[in-house]
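Since the structure comes first, as structure tokens, the remarks are kept for the end.
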Amino acid sequence: MLSFESDYIAGAHPDILRRLAETNLEPLPGYGTDKYCESAKEKIRAAVGCPEADVEFLSGGTQTNALIIAALLPAWCGVISAETGHINAHEAGAVEYTGHKVISLPQQEGKINSADLSAWLSAFFADENREHMVQPGMVYLSWPTEYGTLYSKAELESISALCKQYGLYLFIDGARLGYGLTSPAADITLPELASLCDVFYIGGTKVGALCGEAVVFPKGARPPHFINTVKQHGALLAKGRLLGVQFDTLFTDDLYFRISRHAIALAEELKKVFLDCGIPFALSSSTNQQFVILENSRLEALREKVRFSFWEKHDDTHTVVRFATGWSTTEEDIAALRDILLSSCKL
Amino acid sequence: MLSFESDYIAGAHPDILRRLAETNLEPLPGYGTDKYCESAKEKIRAAVGCPEADVEFLSGGTQTNALIIAALLPAWCGVISAETGHINAHEAGAVEYTGHKVISLPQQEGKINSADLSAWLSAFFADENREHMVQPGMVYLSWPTEYGTLYSKAELESISALCKQYGLYLFIDGARLGYGLTSPAADITLPELASLCDVFYIGGTKVGALCGEAVVFPKGARPPHFINTVKQHGALLAKGRLLGVQFDTLFTDDLYFRISRHAIALAEELKKVFLDCGIPFALSSSTNQQFVILENSRLEALREKVRFSFWEKHDDTHTVVRFATGWSTTEEDIAALRDILLSSCKL
Amino acid sequence: MLSFESDYIAGAHPDILRRLAETNLEPLPGYGTDKYCESAKEKIRAAVGCPEADVEFLSGGTQTNALIIAALLPAWCGVISAETGHINAHEAGAVEYTGHKVISLPQQEGKINSADLSAWLSAFFADENREHMVQPGMVYLSWPTEYGTLYSKAELESISALCKQYGLYLFIDGARLGYGLTSPAADITLPELASLCDVFYIGGTKVGALCGEAVVFPKGARPPHFINTVKQHGALLAKGRLLGVQFDTLFTDDLYFRISRHAIALAEELKKVFLDCGIPFALSSSTNQQFVILENSRLEALREKVRFSFWEKHDDTHTVVRFATGWSTTEEDIAALRDILLSSCKL
Amino acid sequence: MLSFESDYIAGAHPDILRRLAETNLEPLPGYGTDKYCESAKEKIRAAVGCPEADVEFLSGGTQTNALIIAALLPAWCGVISAETGHINAHEAGAVEYTGHKVISLPQQEGKINSADLSAWLSAFFADENREHMVQPGMVYLSWPTEYGTLYSKAELESISALCKQYGLYLFIDGARLGYGLTSPAADITLPELASLCDVFYIGGTKVGALCGEAVVFPKGARPPHFINTVKQHGALLAKGRLLGVQFDTLFTDDLYFRISRHAIALAEELKKVFLDCGIPFALSSSTNQQFVILENSRLEALREKVRFSFWEKHDDTHTVVRFATGWSTTEEDIAALRDILLSSCKL
């Protein structure tokens, strides 16, 4: 069935599968110490423009978020996030399971703004009861956000400056980083983004890999005993090559960005389909996830012909749903969706 | 110096000290297995009108909150609280340290309302992504709240009914329970309150004891291996008699309620002082904590003559502060405060 | 370079890669809800002879151990393990990170014995201080053990009976289950093993998969909200198909057992090589991991020609090392090792 | 009934109760910021001979152990303890609950020896798999031990030197510190002991207080945000004066040592009683806890006349039990015990 359910509906980009097959018989040491991991790290250091960066590979987004936050924060610290941030809303309490509070701030289209953050921090450090409160230790942003939106370069600079001023880590969740960097709305490059934060990751799972996220500490400040930490979180793959070969492939011949540009181009066509069919957007997303508002009866009818994701209740008779493009989405998929929607419009 | 800083500025009610001295030489078994603990439990069962209740003693409010929540909730569950709830705002992340998320709801004068709760629960259980979300397992209320306000009996019944409907525990933080029960605004008795929840505690620390909270499971459903849990949390006192003797005394000759009524009566006089001096209330509290708004310059001047607590910033030139009464507050204290405020008014 | 470093030195069995490629373009729902996961579960239910079994897929052994233990045990319980058990020795404290103590018992060739276990349990439940102690909640066994040895059917029955008697879960770590079942020393079938425990897993990572372990609850007693738990541990793969397709392939046409038998056959030849070269065994292993004692100077010389794993210090001049076979080991590898060892014998 | 059950069978030393009463009405700030806490800290700094020491008060031994270990160790580290160490055996997994492994070493009469420790550390740091293992971060000793025995000054120096060599914290659990320092077998002073470790505590609960342990960081290296950590563990008493007044009293006029010497003197008499009655010691303790071996039938008979503690099974017909002296033990108690034992000998 036609599916726009997510950007992880298909397997891996064929180049990745090919490289996995080509390297399959080579005996390699385990736990991420193989040459493909090394090569991938070197390519990523070049791509982010940080020759001193530490790069580490993990399997998935929630694992990465919880592990990085727990690895960097002392026990008494929490992490600030938009209330809609993935760590606050859709990770089943993985961060709290490691003992840390997620301190949520109000959001607009998935983003916190630096004025709110500044006001919150200023109030916190003026609060005479703060020895009884969770200390802020980090700001977490997703870029793109869970709503497909992007912080501008100026917004990131402003938040980054606040983090420096208050001694907080800035951590950017880049589960869909490629779709941000190749969005028509992006005004920031990968090296610029890297220079503004303490740690971020380059999502693989949602950008053509079977699994895998590349965590980058741009300044080389990986926490000590990081492999112990990865093992302790149950996140150390014996066949680390699975991640190394995938990222080595993604960062060869611009594949990561080719995949991203493809999905963005089709997302732009997807937007036109919704516009043409008169289906309203829940908000304006410039990346590969598009959120539209469907009448509940239409939603049910549509589900028989195409897969998409429930996002949230809009009102008693309408629902916000998500359509996503990815490496495997085709022009034919878009055309087929247009046909379905047009015919369903007529109902 | 004159102090309205809190309801824990003095030591224990003299009756408690006397009983500690009288029983001091008796050799007793440790860890809460002594006869004073037993006697206190029996008296509390009678006071709450639940002959089958399990009663356990712990040392302080934060310890009790974190331990009870962790003891009752499975790992995948979080606890719903007003955003101003003590567990969410002023316990340094003690609940999250046990691995559980505090799910915060908006508050009005320190209270959540059942309409908001109902809407939240209904949306949660309709959310198709809820396997990726923290499951609600408990509702936490403080009674009185952190702002001195009280849920009415009808409000508690409504929230209790929602908890039953959705299979959630209802946990009432009674760190200042006595001041609620003896407030002129209260419309509920202790047995009625007990009948509406799964677990609550009767605060001792802030109602005349040196330390101690009496946890009550009205239906007798104390979690299994509770002593193991108390020990694991570092909360098991070797000299459990310290808690047993204190609660046995508090529940002898109505002492707990005499202390509470005394503080409430003086809080009513305190309110008159503020009214008479034209000092505005931040909100209307009917218990022993009163919150008023002071100009920042006046606040600093006043601090040289009387102790009170910073609560929160009101605006750039004003601050909300707390004045509290307790077992040791006297008519003379109130009169002295009146003099200070009246003279400071003239400034 | 020739490598017997582990059973995870190569990628996946070619049949697995082929199936990943064949299914790659199919749009599938995420998070393990796809048809390949379903098919794999059905085949595993048949293989273990438990039509009612719950089967779940996770990525690696440490992740599985920590997650299953945390999911089943209440907070006050610990897990009993041989002191050499993987969870006690080589998982960087992953179990303790979830809050549970590993209670270690003495081992012989990697195994605990039921007499020791019985004595320990009997002493524990007679101990008057046990409210101050970690309660035993589970017995953890690895089969094969970390030393390649196997509990006999009678030994497993005896331990299983003790677990039933004392109300403990029995959890079998089958990271290398296939090599146990196909060992010439095995006297138990997969359905028999399943019938003796509450939960076990069928290791994929070390038996031909890129990653993946299939957790089996033979009696269908998967803990409630298991997906929430998996997500909370950061263990839920968006592309759950990666695990589903692999296990579906492993349990098609007997592949899992063909791989296992191949490795066992070559391990038998490997043993002959060591015997022929006069290299002493550290202990008698009947599975795919062989442990031999090397003089330290010879170890260093050998490392230039073949890869193997440090295991532990034997004495000041000798070291125990591990040689393992796997799906990709060939007759040629064994022959090449024989040549190297024979020539190094002459040194 | 006559009781030698523990050193916490009575309430507080009368001087402590008197001071609590004398200071009871003074309004004091909460959470340990009062003048009695300050005064007690100053006196303790003098007693330990460390003018720069940080001193903090907590309520009980298990709470202190878990909190200090969690506050000092990074997540990837464990704490080394004798297998009979309190944290390993009798704290219901409180340390593991904070996420840290207790790495147990063999013991002799409750003590580890530095040769075993040295061998273990040397093997650990030579182990090529140590990225998969819990890193040692601290050595925990109890002084006196759980068996009443004492490390000599030379033994402590040797262990302290190993800790420095390997970069480990040395933490001394002094729940019964006074009974060690005043033991006839002690060859070390309090300042000497303080100089050998990174953190230790002076037990109050078992040396005359109602509750309370004074944690000392001799070099002033209290972890940052310590009050946040205390609050997060639920260990911050609102009426911190309860601990301040008690320790201020204990360290006034040598009371802490007078109590200790009294108990030690009576323990020496207690030993004579056992000798005279032909009751064998389980081991040789030089402090206030004495461990003797009783035939099980005699144990039951004796329990009707005197309270003591079960310690552990000795063999099928004998049990090790503990008799302890404390501040409230009298010459008359010893005489009464002698009579009981002599008459029971005749049975």
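Should a chain be cited, it is by its letter among A, B, C and D, assigned in written order, with residues numbered from 1 in that chain.
Basically, contacts are C-beta pairs under 8 Å (C-beta built on N, C-alpha and C of every residue); 3 or more make two chains touch, one makes a residue touch a chain.
These numbers come from a predicted model, not from an experiment.
Graph distance from chain A to chain D, where chains that touch are one step apart, equals 1.
When each chain is reduced to the average of its Cα atoms, A sits farthest from chain D. With C-D and A-C as the two chain pairs, more C-beta contacts join A-C.
Overlaying chain B on chain C by C-alpha atoms takes a rotation of 180 degrees, rounded in steps of 5. Distance from the chain B centre to the chain C centre is 50 Å, each centre being the mean of its Cα atoms.
Between chain A and chain C, the centres computed from C-alpha atoms are 33 Å apart. Computed from the mean C-alpha positions, the centre of chain C lies at a distance of 41 Å from the centre of chain D.
In chain D, the residues touching two or more other chains are 75-76, 91-93, 97, 99, 131-134, 228-229, 231-232, 236. By the touch rule above, chain C contacts chain B in their complex via residues 31, 70-71, 74-76, 99, 131-135, 224-225, 227-229, 231-232, 236. Within the complex, the chain C residues that touch chain A are 1-3, 5-6, 8-12, 14, 17, 20-21, 23-30, 59-67, 91-94, 97, 205-206, 210-211, 228-229, 231-239, 241-242, 307, 328. Residues 75-76, 78, 89-93, 96-102, 104, 123, 126-129, 131-134, 309-310, 312-313 of chain B are the ones touching chain A in the complex.
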